[in-house]
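Per-chain numbering from 1; labels A, B, C and D assigned in written order.
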Amino acid sequence: MSKKPIPDPIFTLTTGPVDAYPAVLRGLSRPVLYDYDPAFLAQYEAVNEKVQRAFRSSTPPVILHGEPVLALEAAAASLIAKGDVILNLVSGVYGKGFGYWAARYAKEVVELAVPYNEVLTADAVAEALRKRPDIAVVALCHHDTPSGTINPAKEIGAAVHAAGKLLIVDAVSSFGGMDVLPEPIHADIFVTGPNKCLGCPPGLSLLHVSEAAWEKMEANPDAPRASILSILDWRRAHEATQPFPFTPSVSEINALDAALDLYLCEGDEAVWQRHARTAAACRAGIKAAGLSLWAAREEIASPTCTAVRIPEGIDELALRTIIRDRYGVVVSSGRAETLGKLIRIGHMGPTARPVYSLVSVAAVAGGLQALEVKGIDVGAGVSAVMKSIDSTV
Amino acid sequence: MSKKPIPDPIFTLTTGPVDAYPAVLRGLSRPVLYDYDPAFLAQYEAVNEKVQRAFRSSTPPVILHGEPVLALEAAAASLIAKGDVILNLVSGVYGKGFGYWAARYAKEVVELAVPYNEVLTADAVAEALRKRPDIAVVALCHHDTPSGTINPAKEIGAAVHAAGKLLIVDAVSSFGGMDVLPEPIHADIFVTGPNKCLGCPPGLSLLHVSEAAWEKMEANPDAPRASILSILDWRRAHEATQPFPFTPSVSEINALDAALDLYLCEGDEAVWQRHARTAAACRAGIKAAGLSLWAAREEIASPTCTAVRIPEGIDELALRTIIRDRYGVVVSSGRAETLGKLIRIGHMGPTARPVYSLVSVAAVAGGLQALEVKGIDVGAGVSAVMKSIDSTV
Amino acid sequence: MSKKPIPDPIFTLTTGPVDAYPAVLRGLSRPVLYDYDPAFLAQYEAVNEKVQRAFRSSTPPVILHGEPVLALEAAAASLIAKGDVILNLVSGVYGKGFGYWAARYAKEVVELAVPYNEVLTADAVAEALRKRPDIAVVALCHHDTPSGTINPAKEIGAAVHAAGKLLIVDAVSSFGGMDVLPEPIHADIFVTGPNKCLGCPPGLSLLHVSEAAWEKMEANPDAPRASILSILDWRRAHEATQPFPFTPSVSEINALDAALDLYLCEGDEAVWQRHARTAAACRAGIKAAGLSLWAAREEIASPTCTAVRIPEGIDELALRTIIRDRYGVVVSSGRAETLGKLIRIGHMGPTARPVYSLVSVAAVAGGLQALEVKGIDVGAGVSAVMKSIDSTV
Amino acid sequence: MSKKPIPDPIFTLTTGPVDAYPAVLRGLSRPVLYDYDPAFLAQYEAVNEKVQRAFRSSTPPVILHGEPVLALEAAAASLIAKGDVILNLVSGVYGKGFGYWAARYAKEVVELAVPYNEVLTADAVAEALRKRPDIAVVALCHHDTPSGTINPAKEIGAAVHAAGKLLIVDAVSSFGGMDVLPEPIHADIFVTGPNKCLGCPPGLSLLHVSEAAWEKMEANPDAPRASILSILDWRRAHEATQPFPFTPSVSEINALDAALDLYLCEGDEAVWQRHARTAAACRAGIKAAGLSLWAAREEIASPTCTAVRIPEGIDELALRTIIRDRYGVVVSSGRAETLGKLIRIGHMGPTARPVYSLVSVAAVAGGLQALEVKGIDVGAGVSAVMKSIDSTV
């Protein structure tokens, strides 16, 4: 109590961890049940059913008890066998990063890359698969959050499927905020988390696994078993009659339960629409304020995250600091190659509501003005936000 | 809403997940901050300092973002190098289980085992180390929860230390409920979790790592890095200026923060004492009710868990079911070799208060009576609980 | 932080304020809405509908925004006109107390009283009404909590109704814990609160008002209007289109909303049954432990509160203090004439579950033993509790 | 569950009930204690001490258990004796309203009124007191919320004090948001509530009572006693050893406790400053957007509420509806004489942070644009808000 605590920010407009819905915070404060208590077993089964409904999938999901990096590492470790050639699709830092895990388990990783403000095309993927028919698994980061760009998952998935390959999709920060579902994109392992567009805290991973992926993992002697990295161990854990491989994160399940109720009650398409409207308003405002988007073209910009190019000569930490100090607004920095080059405004879960774009645009533009950047027009930015909101009522 | 939900139990008197303190539930419902927000960075550093104070240790702790099985697997993967010989001390299911992980990474695992209702002795450990001077690392499960027995950690630690070996200690379900601290027992990796005697939900691991252990892990080329299983990645994460290897579980940190405030404010010795008093009252009641403890001798019985032998012919699930249905009380089953042979009453965190032994003894004895076991005396059991409580006021 | 805080008790087994359901605590933590926000207006209407369903009544209820003493004073002030003669039925402290309010507004208050461990009869009431045909209003305290006794509301209500008089019923601490509903007992003003058997905090009153009572109040020029004491002001406040006379207690409404969901979902008869079972087990235990009930006969003892006579020479505060210090259990004292003569164990809301009678009987008996009262048998008490529970499974 | 629920608003920028601080919501979810439990008695005393510190007063406060209309009615009923002449100062709807209560208890009410967009002066008050030396009590509404204007309490208080009269001050919606404290303004009864600038839900009143006021109330035979309207009954309730006149609102006290910790920890002057900065930014934005303030002069505009004149021909409900529907923002309507003529933006408690003026100005201006009001400039409004914020960093 000796140090004056740093006050909490007023608006957490980040790309994760994100602000949680009030009902999720109340969910977190539910009593903690014993994992083998019948009430918890029934709840766990019910939550899995809700995930399946949210996935609109034909088979039960898998919940892993760590934030989605766990699921991505586990997917690499489980699906990729020693002799496999992997096609890793790279349009940003996270896509690139998956390649390191893939390389740990594969015979060879072939990379198809585009600049980090661009996205991949299905044609290029098809071409890469034609060149190397020995590729077994393709990995795609759908929304490369550090760039705020969206790859055409449906088209790429169709190409991969047509070629008879398995597909791992990282949809961590896009699922729940736009139309991306495991089966329509032919994902064999589809990884997401409740801590982005579902408005939960980080701590869990949600997976869809196709029958083909289950078979390949079962057949892989090196796929983790009796390990935190195992997906196989959890295959039947959704059934109330089955044991847990280890103790599940009870309170995170309570949070997820509350979040799924919100999501399913509001309706997924309605949720996606407000993510899209918020991002559209934000982009309109950012441009009108005199700033540029990071994405090469607006049509590839994410509906769940707007990446804004930082003007020359501006230090990103100084910018984020002034935004927080003056307006109480927290936005995300870039990562690795994009660090220092952009800031990211999240539109995820509870903050995916258009009015937040007023706050984010005004705060970012205001922060740049305070740093004496020329040509910034807060008023024009906010007017454009309002116009965008009003045009989509 | 179609199925009538199973009502929550009234008393969760388990060995984990355990009932959480009300203040911990309120901690869980704090707003979710961005992990790189300065307020969260400061909080994370402060929480680490509180863990260090709770550990009474001279160096900062490590927090891993998964429940303690993660830390135990990570400890095996990180500390054990390919050429190592490991001495695995086995007095129960969890001690035995660690051997499987050890075997995955070691050249050889030597096992020193006792029956699962007994504990190891420092002499036997010293003898084993003399026999096999090539042993590099010793692994001890301090409180083998599925047996409810406590190994003499201080004495064993001294023996291991005298022999110049490294020691991994699983104190998951004993730390916070009794006098077991990393440095006095010469633990090189000390693993515990907030989800037992600290009264938090499962989802984090707390580790103390000695300088020698850090050196060995740094020197181990196979120690996990850039992995959920890495301890090394998190070495400096407690510093507010350092990045997180991946997104920490923000809400679990909020819960831990609240739990540590309770623990440090009440005072560790006071907390240990109420765990001890609760267990003593429970054991007195169990015996007076006509039942037997699982532990071979009462002095090795855990202050955080009372394992009660199930009378011949009684099905443990039937017993736990009747206890829950009639009295709303949930207790833990055994695990693996002890499954079906005992039930376990947890005295952990908020339930480590003597009055709960009234409830547990009456419920267990009442359940057995309802199953028509002869020779059960609820009244005598409860009277003994009361006498025990009254004698230690 | 300078003074060591007094720790919270472990079990609050009182007659009000009572322990709240966990879901009610979560309800309390809902965001606070503006009272004229459409979402709150809709919620307020919905909560009123739920109260009406809980009352099983044919007309909308009234919610007043203060704990039930407000409603009782308001009932006296509103229904009793200057020229009225009132029959006040007295079987305890609260019934007696209503007479003081009645006297403030009436021409004359006639009292029909029985000893405070007895209850009234419908015959005596009918007789009293025959003697004084000028009586306009009868007042009955259904459950006189300081005595833990239940008057025969249905029979008395029938007698009052047959005589053509209006009836005010204080059912504050019985409604929700037993079969007492406004219309079957012919109550013209029926007062209860969420802070007893519904398991909410204190802060609201719930009223049923008959058409005859509305007419009498409307016709009474002295009935409070534009006052905190007004019932009339709130007549239509349950309609989403109507203004509030003053700002409602938003968070208390959130709590009530959650409590009514629990009550209606569990089913009122199921709730009443567990109150009855808990009280029956408690009474069995108290008697077997060597103690006496305050109620003259067990059949008039309340299902929501067990009043236990304190043995000669025992100081009630000393007793309650030792019970809290040793066992963490809080019970209620008597009030006014019953203060010092009895202690009261509440069976209300979440504590109206039989297992709590284990705790209460053991704690009360244990406390008396600690005070060296002779002839107390904790074991026998608890055995009788268990037998009672088991016999009603 | 049949009707689709109305979604909660995103921003509650009202003048009460107001948005509560997250820590207050967590405070509300604390377990409910028995009012006579020693832990609650100690907490109640501590909360009173915190109120006294917040009041910076020399004597203990009084907490009444209903929202501040209770305290205002109680003040009239208690302090005003049958023979008293009252000077009621009127600059708005609430000041006018107090006169009705005063008239209920006084011999005569003299009114000194100004238009509802103006404020009173100390000179006028002094003059009124000179004219009628038989005046016993003066009543002042410090912040007439329906007008958003602030009367000069210190000057008026000095004039009343110099004339030897008693002063009742309604500071419900100003205390905690600006420099208004009971003793510096010579208030004999000072009424406020936690549900405005302290960021709590409605349900309590906080009073300061001078020694002279206590004497007058004690001497007043008609001052309520044994009534919800009594102030006298609660005089010593702040002492842990004294009984409560009736059951206090335990959860509201928990909320207040949390709110006072926030207030005292942040420091009252810091809190007042952010209320002032928020209002200044709001007023700047409103004017720049092409709108007018309700207050005749900006220097009398409240730092806790900005009342904005509604342009001719615009329906206030239509305006508030469109603001909520499009932007999720809730603002307050006017009341009585000001209803339909203005809308009010609250700057109270958690929303008294400058960034919220971005939201409120954009939303109000946007709403009017949507209703096709000419001459509205959202961009200019928001730019002015930003400039105001930036100028006061």
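Simple rule for what comes next: a contact is a pair of C-beta atoms (placed from the backbone, for glycine too) under 8 Å apart; a residue touches a chain by one contact, two chains touch by 3 or more.
Keep in mind that this is a model prediction, so the values were computed, not measured.
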Maximum centroid distance from chain B, chain identifier (CA atoms): D
Pair joined by the larger number of C-beta contacts - C-D, B-D: C-D
Averaged-CA centre spacing for the pair chain D and chain A, given as whole angstrom: 44
CA centroid of chain C to CA centroid of chain D, Å: 34
CA centroid of chain B to CA centroid of chain D, Å: 52
Contacts with two or more other chains, residues of chain C listed in rising order: 8, 22, 25-26, 29-31
In the complex, chain A residues that touch chain D: 8, 10-11, 22, 29, 266, 325-329, 353-356, 358-359, 362-363, 366, 369-370, 377-380, 382-383, 385-386, 389-390, 393
Touching residues (chain side chain D, partner chain C) in the complex: 5-9, 12, 14, 16-20, 25-26, 28-39, 42, 65-67, 69-70, 73-74, 100-101, 195, 201-203, 226-229, 246-252, 255, 324, 330, 332-333
Interfacial residue positions of chain A with respect to chain C in the complex: 1, 22, 25-26, 29-31
